[in-house]
């Protein structure tokens, strides 16, 4: 065979580590939020509303990143917002993954009527306008954390199912599956022990990308005033609340936006980085 | 013969899909709390008022009954009348669809232009800082929700440097000689380029807000597929024949790299149409999305039903189109 | 963000930049453009949900006339009816119709149109939501330019409804000829402006009605653009592509009012918290504490930049039954004491759920968050639940609202029946508090014929409600309007933005 | 001055180990030179260096590649491309991926003749037809309109050979052209290449690990180990009496068509150690 293609150390390594570092930081912040946050995120003081960040003239040093129109500390709210953001991201992404991947694997591997059934189901499901459907859905069960997660799962499981189905079909056609069957292995056994491990990398990549999408969807839903109903702070909620006084109190919108942006960017770069690692062609 | 048979099968599956969508939506929106009649309850209305109004809108019958009436009407092309807008749903929905379609197609065009350019540049200058920059830019484009892109564009191009319009679809004071609702297309057909420019000046910002995330997706995918194609021997062979790197990418690698990206663009396009809801709201662009949000907020059941069905038709239509173009472009299928 | 900059600039540069005329209007405005916050769903002002939607009555009042004209200070004045009233024993009503008025299509306006419009409103089949009021009149008779009718059931506010929701006169001949759908396509009225072009959810272009009985309006052409997003409306006025806009965030109003004509007028719309007679709300101490713990002035000053009028009853200063002496002062210590009397404290707070909309009215959600914050300081633990306005109507109609529910109540007729009355009278589907004592106090006022005695009766009811804290009135909204230097606006206390009251500066 | 002179060419992976160590060889007009060595010895890297298609990650650290009198390494990229395009051609290894799946065969042969060599479309098409006939393809006109996926591996390799010779190049680099084919087709393709080479008098740089191929097609050869030319001789001398121990061991490890039953000895470790020492410090 011709000389092996030369494996080039990917420059993306730097970006991969930066995103991983940011996400780990987020996890720590989410876990130890009560100890890290300087103030109680819900504590209000109408008379210390819209204080600027500490470096701006007229700031109150104890409110490091300033306060919003109700006098609540922006930094603490971002810190507590991390909990919901990661919670929504992890839970909705994994539920989406479980449903989507399971259906995808079944359809892709067993083919036949299972495949037809699942594909038809995917088609019908994808025929719904996503944002409109989630608004309708949230109108049914009322805004709140659970409905955001459900909305994300409802919109995005088809993406998982489609990709995993294609991958399962491709793997199913591989010789190692035939040989496993020859060795007398049951079909379900093959699916679990042979196909799944090979499809797992793709699932991990999609899972990471999905977490980024979940964070964005929460922001979009808060923009349409459908996000969480209780007082608990969410980045999306802070952004949409900050929108009306962008000129007077820019920090109420800008800081949660930066946090949201960095988080979603980290998820997507991590996803891309993992994809490069697993992608057979570039390995 | 094979083509006819697959087409027939495709028709049947589409019909099943549409029927499935119609049934699901019909029942879901009737389970939604907040019935439209309650919305109309003025001060002092009594129980009988509620009953009479409910009867007028036929909401007093059982849900299956309502569905049969609705389905019967649909067969004769009557999708019912909108409660809030008091006009036939079909006319309303078809009246607004062209605006959303034009905006989506313009956004898709821009996304392909931007995404394509990014992918080609990224491939041409791969393993350099430029490619790293483009990757970061695409990451950024995907990490900010599209409504925030809308806001940024409004602030920058609408207020700071007022170059483009920031609301509506066309300047109201213009006399529009259009017969159809496809203003942009008709303005070009009628060679009325003054109107075309006015329309584009209104549509550019919302289209760009939609195009940015889509361009990033297309860019990433096309670059990925291009890179895979660049490793193949016929590309190397072309280089030995004296073609420049750019020419090799353009004439050899691109035609083969486009195919896998095409199917995804089809899917993204349908998400795009569904996703215009927020951007139309922000730019007060009178498309399907704007009407959809009001319909949901006001629980205008017939209108919601009509909009979702129409969207389903577009989705299945675009899928069919994508599959046909895929077959047309891919010689193996055409001659196989 | 270096999205391949070269191609992006190349794309926009070549196609657009050169020939787009900058949308900055000359200082002298020939064609007025208004950025309105709510799209007009339909043109028939007497049927369907839009007929009871207070935010679009301004659009209707530009094209149609009401039976009686309402002046900016909410007081009635001769409109299409020059004179109206009951007979002595209030068994009949009589109305004199203005002469020399024409419909937009040139056909003459007659007493027939008035009688037909009233009959149509009284007929349940037409779907007029306020049918129960109009049905109190029957067998209309036209004699020259007067119309008389029998009073089936005496309603002291019947003439007030003639300048309130669905109180519009429609063209009998034209409407019967073109039918409902035809009327939607090409509506005509007798109002100051005619509809030249209407694009659903986008804009409506109005042409001045040269022979309007109230005098031709200043601006010949008015374009009303529907811009639902507040930030987009601000961008419209700031970039000059619109001359007038309303309902923007108060912070933005403050920022822009320097360089523009700015108006902030209290309107007939109040924010309040319904209390439901269930669970903890049955304990008067809890209700009174909840009222005393709210610093309304601080909320107005800090949250609404001072634009708002704190109120202690459901009547605003402009309303007929307003009584300045009824006061529920902010007194957190009293609140703590009241709660202690019922065994509650900061450590062992009383708990209940409060529902609110989010984004439906300016800062509605933030206000409730502020109130919950104030309550937390005295020992009330309220859990917020956000719902859509549609869900609110549904719950209220079925009387399943939470113990506390934020809502706003428009009442541009300024009559106590359509504010305190419908909100607090048990049998009305709109009221939430259904205790019998209040029903007995309000009952006799519905049919009270002596106007002075009626108003006094309602003031007594308001005092009783305040003392027992059956509801928590919060504030009267102030409507912010911004206009370019070239145009002056006359705000209307009903909150309606009327182009024909706008003059060239 | 021979047509192609590679003088002291060295190359390495950016930030990695050496790939070519001071390689020198010459190819006269009409000469067929074999480049032999185990896989990974750097033999196809030399072919790629000459044609200018080194992977991006590989950089040339020294030496010259003089083609027809000019050192390619000093030319600006555009000029180098045209010069290589006009005077050289490549017969790739794997026919399955060496033809563009979405274009017809005819265009893939004629484009280069028209775009780079400036021929008229008609002349190019005639040339393509002629060459397809030379590579014994029946009904060449139909094949010109077909797509790659409609043809077998053998057929595609014939087309690639025809395409290479079509441009009347002075030098053709054949990068293990028969390795991807099954044995029966291999012999026919080898005979074909040899025949066309003889008829067109094109210089041929034949990269292979199969000494049997070398003995049938080449006139002389260079033996490579780990990027270094350990022996440069004529085929006759090499098969008669290989000078370098590694060459001898290589020869011993190759089955002879003449004596298939002879026992095969793998290359002894001692020899490997010796040649590695020589290469490291040589």
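Of note:
A, B, C and D are the chain letters, set down in written order, and residue numbers restart from 1 in every chain.
Keep this in mind: contacts are C-beta pairs under 8 Å (C-beta built on N, C-alpha and C of every residue); 3 or more make two chains touch, one makes a residue touch a chain.
Please read these numbers as outputs of a predicted model, since none were measured by experiment.
Taking A-B and A-C together, the chain pair joined by more C-beta contacts is A-B.
Chain B has its Cα centroid nearest to the centroid of all protein Cα atoms in the structure.
Between chain C and chain D the centroid-to-centroid distance comes to 86 Å (mean Cα coordinates, whole Å).
In this assembly, the C-alpha centroid of chain A lies 23 Å from the C-alpha centroid of chain B.
Chain A and chain D, compared by their mean Cα positions, are separated by 51 Å.
Separating the CA-averaged centres of chain A and chain C is a span of 42 Å. Contact of a single residue of chain D with at least two other chains is seen at positions 56-57, 93. Among the residues of chain B, those in touch with two or more other chains are 33-34, 127, 140, 151, 281.
Under the contact definition stated at the top, the residues of chain A that touch 2 or more other chains are 5, 8, 139, 243. Chain contact summary for the complex, chain C toward chain B: residues 1-4, 7-8, 11-12, 15-17, 19-20, 22-24, 31, 33, 35, 39, 41-42, 44, 47-50, 52, 124-125, 127, 129-133, 165, 180-181, 184, 197, 199-203, 205, 221, 223, 225-229, 231-232, 235-236, 238-241, 388-397, 418, 421-422, 427-430.
Listed in rising order, the residues of chain A touching chain B in the complex are 5, 8, 11-12, 15, 120, 123-124, 126-133, 135-136, 139-140, 212, 216, 219-220, 223-224, 239, 243, 257, 260-262, 264-265, 268-269, 272, 281-282. Contact residues on chain C toward chain A in their complex (touch as defined above): 230-231, 249, 251-252, 255, 295, 298-299, 302-303, 358-359, 363, 365-366, 369-370, 372-373, 376, 383-388, 390-391.
Those residues of chain D that touch chain B in the shared complex are 51-53, 56-57, 78, 81-82, 84-86, 88-90, 92-94, 97-103, 108, 112, 115-116, 147, 149-150, 160, 167, 173.
For chain B in complex with chain C, the touching residues are 33-36, 38-47, 49-50, 52-53, 56, 83-87, 92, 95-96, 110, 113-114, 117-118, 121, 133-134, 137, 140-141, 151, 154-155, 158-159, 162-169, 172-173, 197, 200-201, 204, 212, 215, 281-284, 286, 290-291, 294, 297-299.
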